[in-house]
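Letters A, B and C mark the chains as written, and numbering starts fresh at 1 in each.
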Amino acid sequence: MNIEMTEAILLTVFTAATPLLLAALGELVTERSGVLNLGVEGMMIMGAVAGFAFAQMTGNAYLGAIGGVVVGTLFSLSFAFLAITLVTNQVATGLALTILGLGVSGLWGESYIGLAGVRMETIVIPFLSEIPIIGRPLFAQDAIFYVSIALVIGISYFLFKTRAGLILRSVGDNHGSAHALGISVTKVRYLAVMFGGACSGLAGAHLSLVYTPQWVENMTAGRGWIALALVVFASWRPMRVIAGAYLFGAVGIAQLHIQALGYDIPSQLLSSLPYIATIVVLVIISRNRRLTLINTPASLGKGFVPDR
Amino acid sequence: MKKILLSIAALALTMGMTGAASAATKVCAIYVGPIGDFGWSYQHHQGLLAVKAKFGDEVTTAHLESVPEGADAERAIERMARSGCNIIFTTSFGYMDATNKVAKKFPKVKFEHATGYKREHDNVSTYSSRFYEGRYIIGQMAAKVSKTGTAGYIASFPIPEVVRGINAFILGAQTVNPDFKLKVVWVNTWFDPGKESDAAKTLIDQGVDILTQHTDSTAPMQVAAERGIKAFGQASNMINFGKETQLTSIVDDWSQYYIGRVGAVMDGSWKSTDTWGGLAQKMVHMADYTNVPADVAKEAAATQEAIRSGSLNPFAGPITKQDGSEWVKAGEAAEIGTLLGMNFYVKGVDNKLPQ
Amino acid sequence: MRIELERRAQPSALFAMLSPFIALGITLVAGVIMFKVMGLPPIDALYAFFIEPLIEVWSLHELAIKAAPLILIATGLAVCFRSSNWNIGAEGQFVMGAVAGSILPILFPEQTGAWVLPAMMIMGMAGGAAWGAIPAWLKNQFGANEILTSLMLVYVAQLILDWLVRGIWRDPDGYNFPESRGFSPEQILPEVLESGRAHYGAVFAIIGALVVWFMLARTMKGFEIKVIGDSPRAGQFAGFSAKRTTMFAFLIAGAFAGLAGISEVSGAIQQLRPVISPGYGFIAIIVAFLGRLNPLGIFAAGLILALSYLGSEAAQISLGISDKVGRVFQGLLLFFVLACDTLIHYRLKLVFSSNSARET
């Protein structure tokens, strides 16, 4: 395998993994606040259609991406209202959000079918992009990719090094005592859900503006579910999300290469490799139980109503 | 509450009356995907729209989209039959048994099942399209245009139709370059833009300089455009997604067939048939030959005309199977049964067919 | 202005009864508004959604066919969710149940004795339970989170099914199309009544719901499940094993999903195909929670969800409403039902000034 091919493969892997990474990061923050939002797929597809629509209207992919973020955020508010204010069951509400998102996006996007989208341009960073092998895949990318990397670092810093991050985690770990300390559980959770919506919206916009610049119904094709699994895989730690997303992407691309090289292995077995690999790695890293437990938000999925 | 009940009763009454009084032929269709897939289901819906455009007020139409194969299909088809549809197009292979079961219960309704082979009742017809004719043409074009002598093929599932397409493609290519190579990647989906795009990139990274697909989304065309290689479209005309990339596209065109069958219902001449139409029946339609030198376009058009007129059969002998055994003797043509159930590669395809 | 909740001293029996009807009322109002905005006749649309599928006998049968797997799977899932085991892989357990149950009809089509159908059902349950046992074992043995493992195993199960029907289980007389041979008549789950297609899968759903209801409400095992679900520590003090409960819950959920799978394949589809479920395993998660994890509630919720699918179809055919509208309407319906359930445990208070209550 020569250098050029390695670069190209890495580029493919990073592109395939970026929407997973973004959506998983958003969900990670949401879950750290103790809210389990299974509506990632629905928020992503809303981001995809909104990203496409705003890019078509303005002719500008960046405005499209912003549109995706805004719509993803607004859409997540409907979940927040139900699951936080009305303390409905989070699992069911999230699934209903997905159904709603698939329907609304289909209606919204009807007139965009068959149109070529606006592709977000590549930003080449001078010098760095000339490093062999990793230069091009890392430093000749689109803006959303750079944002995704910045988010990994930013969220790590936020969660573990800032006071606000500490507050967020304490709400997720024990909403009762957080409330007793005078923290507004509701406010923190609203913000966390909205951040999750924004990230999922951006992930969707990546699909319709970078990965495959077009709009078709159901184009997320289950990526929201994978993102949910990645949060668990990462045991709620941002650095592990990036590892998980790239591992999942890499195994998926590797199996295509194995096929194209003509190895005689059933394609179904190859297609199942990313899923099996994720399970195996999870089992290996879960053996350090103490570490996993520390990071699992203890109040995850439980609604909170203060006693008055 | 009483008011609502009354209006419901009134509504039921008027609906019953329009059903009885209306002489319009009701044409219905059921799709496996969303009509917004810009592929298989989209093209069938274009056929239904063509029927409406042709007959105007003489027909009414109804359709159901995204109906899963299995238990849901039978219910959906039955609901259509009960709603007064005169002819129902069931447009996915997986609807085969459901179509025949419902047809038994509704002998007066005509059923048209796409891509299947069961006609258990005389109110069931089957129809399918010889997409492979188009694949032969693009195989020839690929061999002429490619510099590396290797094409990439993004395949969905190893069913006979897809295998036939791969074989026709390589047979067409071999008429130009006997050593032409083909790399096949199975993505195990008809529709996942992301995965199709990954497969396209993979094939390009492995050195193919021309791309063809038997999946539904336009993502591979976009990747080819981005990477500056050429590609062929599938199902619909994808030129919007690769203005300087698409050489042609094999377009499913159901409108002529649908108009003909609906017309037959209207004048009472409808009979159970099995139609396997290609270029000649206008079921397969080649998009304009673009982005190729004039001589390549000219030859492609000539091949197209030869297949259409019947003077050229893509599966005419001699053809050798991948394992080296003889399949079709010189001077003979492949048997239709073998074509329908094709589950082997011809010589020239490198990969092994997943079984 | 904002909304505040006040916890009731105990759950309101009145609202437990009323809330679904309040939700229905809100849904109807929202439906009228939505259809009006879209320029569709609202009354006709609502009629197609809620009444049309219910006025004909054949359609009631179809309702039972659609609801049965949802109820069966959701009942099993209730055991998992009650014991805080987040099994979201019922779809995979459904598929593996169908695969295991189909071994007899596909490999031994000539076996037509009376024992065959019961054997198929038992093998289906075993297949689903075995697939469900994997995430349970991984959780108990390695602490691997079951949300991830159960979900990932869904995709693996689907690919195994795909591999089988495109390969070694392909119908030898089927022109190499991806489907198994059709089951022999004796291997098909019979219809319950003459008047329609509903098969014994519907009966299994009723029995399953009753059995789990009895177990949860009346047996020690049910008590154990609830205690461990509410507080694993309390469970430990009471001498219950969380690991054993996890395995038990997954086995039950898997067996129920597997039974739903083989019933669907044997009763409704009558052969194995690459895709046998339109997402039953995922929709059943909603059904389980909509039914408040109570098998009797699940029964009602399963029927409502099935009705929303049939209604959407009826509206597409009779009024030309897009299936996307149907899906939006379905989403709204679910939202309203979930929101109204809040009234069971809480009083709603509208707070107009910010100083009347402590900032939350």
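By our rule, a contact is a pair of C-beta atoms (placed from the backbone, for glycine too) under 8 Å apart; a residue touches a chain by one contact, two chains touch by 3 or more.
Predicted model only: the values in this text are computed from it and were never measured.
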**Prompt:** Farthest chain from chain A, comparing Cα centres?
**Reply:** B
**Asked** Which pairing of chains accounts for the highest number of C-beta contacts?
**Response** A-C
**Chain centre separation (chain A, chain C; CA means) in Å** = 27
**Fill in**
So, in whole Å, the Cα centroid of chain B is separated from that of chain C by 34
**Item:** Multi-chain contact sites of chain B, meaning residues that touch two or more partners
**Value:** 34, 158, 188, 354
**Asked** Listing for chain A: what residues touch at least two other chains?
**Response** 106, 110, 266, 268, 271
**Prompt:** Of all residues in chain C, which are in touch with two or more distinct other chains?
**Reply:** 159, 162, 166-167, 322-323
**chain B residues touching chain A - in the complex, by the definition given at the top** = 34, 36-38, 42, 152, 158, 183-189, 191-199, 201-206, 217-219, 222, 226, 236, 240-241, 350-352, 354
**Request:** Name, in rising order, each residue of chain C that touches chain B in their complex.
**Result:** 43-44, 47, 51, 56, 58-59, 62, 65-66, 159, 162, 166-167, 175-179, 182, 197, 264, 268-271, 273-278, 309-310, 313-314, 316-318, 320, 322-323
**chain C contact footprint on chain A (complex, rising order)** = 78, 82, 85-89, 91-93, 95-97, 99-104, 106-107, 110, 179, 184-187, 225, 228-229, 232-233, 235, 266, 268-269, 271-272, 275-276, 278-279, 282-283, 286-287, 289, 292, 305-308
**Item:** Complex contact set, residues of chain A against chain B
**Value:** 5, 8-9, 11-12, 16, 19, 106, 109-110, 113-116, 119, 207, 211-214, 216-219, 221, 223, 252-253, 256-257, 259-262, 264, 266-268, 271
**Message:** For the complex, give me every residue of chain B touching chain C.
**Reply:** 4, 7-8, 11, 15, 28, 34, 62-72, 74-76, 78-80, 82-83, 93-94, 97, 117, 157-160, 188, 340-343, 354-355
